[in-house]
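Chain naming follows the written order as A, B and C, and within any one chain the residues start at number 1.
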Amino acid sequence: MTTYIKRHTLQTRLTHGISVVCILLLTISGLFVFVPALNNMLPSEVTFAMRMGHRVIGVLLVLAVMISAITAPKGVGHLFKNYFAKWDKDDKTFMKRFLPYMLMPKKVHMPDQHEVKSGQRVADGVLFLAGFMICGSGVVLMLGTAPFSLAISADVMIIMRLLHDIAFLMLAVFGIAHIFLGAGLFQPYRRMRKVMFGNGLISESDALYHWGHWAREELDKGEKVVEIDDEKK
Amino acid sequence: MADYAIYLDTSKCTGCKGCQVACKCWNQLPSPLGKNVNKPTGSYQSPMDLNGDTRLIVTFKETDTDQKWGVNWSIGRRSCMHCTNAGCVAVCSSGALYKDPNTGFVSVDESKCVGCEYCASACPFDVPRFHGSQNKINKCTACMDRISNGKTPSINEDKGETETQFNKPACVHTCPAGALDFGPRSEMIAKAHERVDFLKIRELNPATQASVYGENELDGLHVITVLKYPVDTYGLPANPSVNPVTNLLDWAKPVTGLAAAATVLGLGVSFLMGIGYKRGDLHYDPQKHETIDRNTGEVVWRADGSVDSHDKAASKNKKGGE
Amino acid sequence: MDAETLEKVYEIYASTGAKDKVGAILYALGQTQHHYGAQNTRSMCLVQLLLGNIGMPGGSVNALRGEPNVQGATDFALLCYDFPGYLKWPTVASHSTLRKWLEAETYSDGFYTNKPKFFISALKEWYGEKATFENDFGYDWLPKIPADLDFTHISTFQHMDSGDIEGYFAWGMNPAHSTANTKFARQAMAKLKWLVVADWVETETATFWKAPDMKPEDIQTEVYYMPAALIYEKMGSITNSGRWIQWRYKALDPYQDALPDYEIVDRFWKEIVRLYKTEGGKCPEAILNVKWDYDGDDGKVDPRNVSMAINGYTWKDGATWKDRQLMTSFANLAADGSTACAMWIYTGYYANNDAKYDPSMQAVGSRVRDDKSGLGIYPGWGHAWPLNRRILYNRAAADSKGKAWDPERKVVEWNGTEWERNDVPDFGFQAAGPDGTNVPTPPNNKAFMMLWEQNARLLSYSMKDAPLPEHYEPFESPTDNVLNKRQNSPCIMFADHPSVKKGSRDDYPIAVTTYSVVEQWQSGSQTRGCPALVESRPEQFVEMSVELAEEKGIKNGDIVRVWNNRGDVKVTAFVTKRIRPLEVNGQMTHIVGMIHHWGWAGDYSTGDVVNDLAPNVGDPNSYIPEYKAFLVNVEKA
């Protein structure tokens, strides 16, 4: 028998999954359209199709996230609380030790964390911010060009492009890191992949390691605790 | 070929729109079909702005004059200015817009254009427009296909005439008033100054506010204009500049590339450092409020704070941190 | 205009009277489209004569006659009272016989002593072998203009209205758009039994019954539309304002069934001849005696043969175009039937016997860019009639002693022994001596050899209305004539016709003039068919002052109604400071300007016909209608 804690709901996992797919496609289509070296590899009709695809997928991403948020206001509130709660001593210590930990995980020990690690608050926070920036600027860019062609001033359009580029820079750096950690490429984080892409359950052992405070609270409460027979896994 | 320029003398232009129509003909740009579909403009100017099928329009603006009679009728040209510091070329994401090395004109390779409209936000003159299902750029190319074709023989070459005609842009070729010209940029600038000097001092109806436009703007335009009246009456910006954000954007791709590469490298090191990482099998007892490592049986955390292996600065356990 | 500016204009222009200065006057319909338009032209001539600008390079009175080939039209006498080459068409009243014509028309002195040679050579070309001395070279077969009937343009519609004219050919002309008082014109056309229109598109004339105010169900006219080729779709020649005749080559085939107009004429004529031969008809000699041998080897009329006929050649019975000897000068034409020449003024333009079918080897096809004198004469570019004289009356470029007025503008100059010349002299500069060689003629005071007295006429007796110009107000004017007591010219034509419907200035206080824009051309049949031109000028407009617009509550771009007794049109209003109210004889008077190129025909741009408003009154010399000044009222539509 192994004890699990329900960490991510189905809605969370679906929203994340759709976002992942969309963002990957957006990255690929975006790079092909805006990096001349890649652009010129394809005929312009194909690049144009990719640009139009980029917009469609961008809209889908925005809609998916919006619909998810609207249909789970409690979840949004919870998320908000986790990300904007006051930082305690463990939060600050985590941040101080994070870089050494990444380079010497066998030697550096990290303090217990609440439901969302302080490092996550920063890193995933940047992802959220960059996501809003890139989608927001993307929508304006889309509306200001054909076929919508709303009258948006050239100066505004250029700022939007700058924001889009800056946001992509943020997404690139923090996204790569997020994947490295979240997909469990980093050995100390292996098995993380299953939590978001699988059934949303995290083993008691992993939960106690990564989010000690939260794990003990949930184990104390028991509502989210699940016992699974090992043979039935 | 050296640096070339299109020259316009607005004091000679009669506003006949031959240039506007010749541009459409040569570049096979359509005009609206259908009965009475053109929007009335209430002006001698028509159409009122550039569009996806119109690269060049003649502009008309009447302002009060200090002469006894008439008005100041600023009749001008609205089209690409072929800047030396061309913002559109700098931001073009596909390289469709390029500077012709032989002449300095900004031309277009439509086959590469992806319709992103970035050029439109970088142009100080609001020139780029777009057309077609792929939203391709439509702007003056200085008839690169004509001028790069070299010289054309005189029609009387077989009769012994040796005069040859250098191919000019369609607009220049058709101008009946001799207001448009085409030639080496330095010559066009000199011609413009000579004309402006004359306009300012001529006895009848002197144009005291005449000026040369295009000599130094944006590091020099390849359209040199003698403006008879003040620059704003032609709808032109007095001090055009490329939005400095454009330069910032130039940094975006290389910085992002470098940052992504650095991130990957750094995480690669991290990955290597993480190989062989092992961790104990933790279990928490809600009754005792204790966490134990099932492998060793050791208590690694106790609620009263007496044990907290997470808080150790370093662990002597070779098997990894907790 | 204020007195000071006007004085300055006079001063500047008058200064061109100096020997080393020259002034040119260029004019068009703004001068001529008045019921005293010919007198306006006379005024310009008088000014130029008094300033010595006639015959000088960079001078003269220059009519702007361009693309519609108006010069060619007057040269070839498409006006009904003219004979080709500015001779007179025979009238019943004065020229009932050839003798009467020759006596009435031949001048006693000057170059026009030669008129018989020109006239008879033309008859010889038309009637060929059938024209003999005995039958007065066929003169009696020519129709003569009746004394009491007027077949000029404005009258034509009056005749249609009264039923005198039952059928009408409109060749490349669109009077349903361009005549004055077009509403009356189209109602008159509705009374025709038949109408033939040769044009390159279906113009307003070809579809007159489709005008918005016409009722097709009440119209019985049989209309035949002959699609005609454009100028690029046929070869031929064109004559410009400088009398330069230039050949044009065919660039592409006509569209579908369209034919060159000369081919249409040719087919008509051949069919008429065939019907006369098989069925007979009135005055058969007048039809069957005509020589009509212009076909090329392909059985179609060849304009090069026609060009040779126009140029002139020596006549030999039985000869064909291939062996006829072309003449180089009308000086060699004869009045005895030994020469044939359809139009004497052009002789020399198509005279190369060695290249009859290669126009590029004829003077008319010459394209030499040399201008040795630097005076813009270009003697090798095309051919200028008469005899390649580029500057008419160029004797007047030198004084009575033959010295050029301006050494920098030397067209001709007597050097003591002979005339040095940079242009073909437009005067008798040499004559055949007793031994046959040419002897230079020393200078005298005669510069205008086309008049019998060979001097310029300040006073002229050959104008129908007055020896000197006089000021008159337009037929409809916002003001009274304060220079003399006569409001309009006493010789004004057609003012009494009921269709004219003169308007009073109480009802129509606003003066209007009509003009053109550069983007559209004439009746718009060609230009309104070009989408790029329609795009550049989509709407028909009336320009008015800011003051008038304020008075009427009109904003720039509003549709307004412009009307008078003759017509009622809707156009767009352009409000501009370029137009200002004028103080005329102490009264603030509004003036508006309208452009006119629209009609109901066409696929891309249509509009009301502005010429509905113009009065169909005319000049007694030219019969030209008065489009340039009349009265209207304006209101927001």
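Keep in mind that, in the parts below, contacts are C-beta pairs under 8 Å (C-beta built on N, C-alpha and C of every residue); 3 or more make two chains touch, one makes a residue touch a chain.
Just so we're clear, the structure is a prediction, and the values are computed from it rather than from any experiment.
Under the stated contact rule, the graph of chain-to-chain touches is a line, running from one end chain to the other without closing. With centres computed from Cα atoms alone, the innermost chain of the structure is B.
Rounded to whole angstrom, the centroid-to-centroid distance between chain B and chain C, based on C-alpha atoms, equals 53 Å.
Centre-to-centre separation between chain A and chain B, using Cα means, comes to 35 Å. Inter-chain spacing, taken between the CA centroids of chain A and chain C, is 84 Å.
Every residue of chain A that touches chain B in the complex is listed here, in rising order: 3, 33-36, 39-40, 43-45, 47-48, 51, 102-112, 144-146, 154-155, 157-159, 161-162, 165-166, 168-169, 172-173, 176-177, 180, 185-188, 204-205, 208-209, 212, 215-216, 219-220, 222.
Within the complex formed with chain C, the chain B residues making contact are 14-17, 20-21, 24-25, 30-44, 46-47, 54, 62, 64, 68-71, 73, 155-156, 161, 163.
Interface residues of chain B, counted against chain A in their complex, comprise 91-96, 111-118, 120-123, 126, 130, 134-136, 243, 245-246, 248-249, 252-253, 255-256, 259-260, 263-264, 267, 269-271, 273-277, 279-284, 286, 289, 291, 301, 308-315, 318, 320-322.
By the touch rule above, chain C contacts chain B in their complex via residues 1-2, 5, 367-369, 517-519, 531-539, 556-557, 572, 574, 576-578, 603-606.
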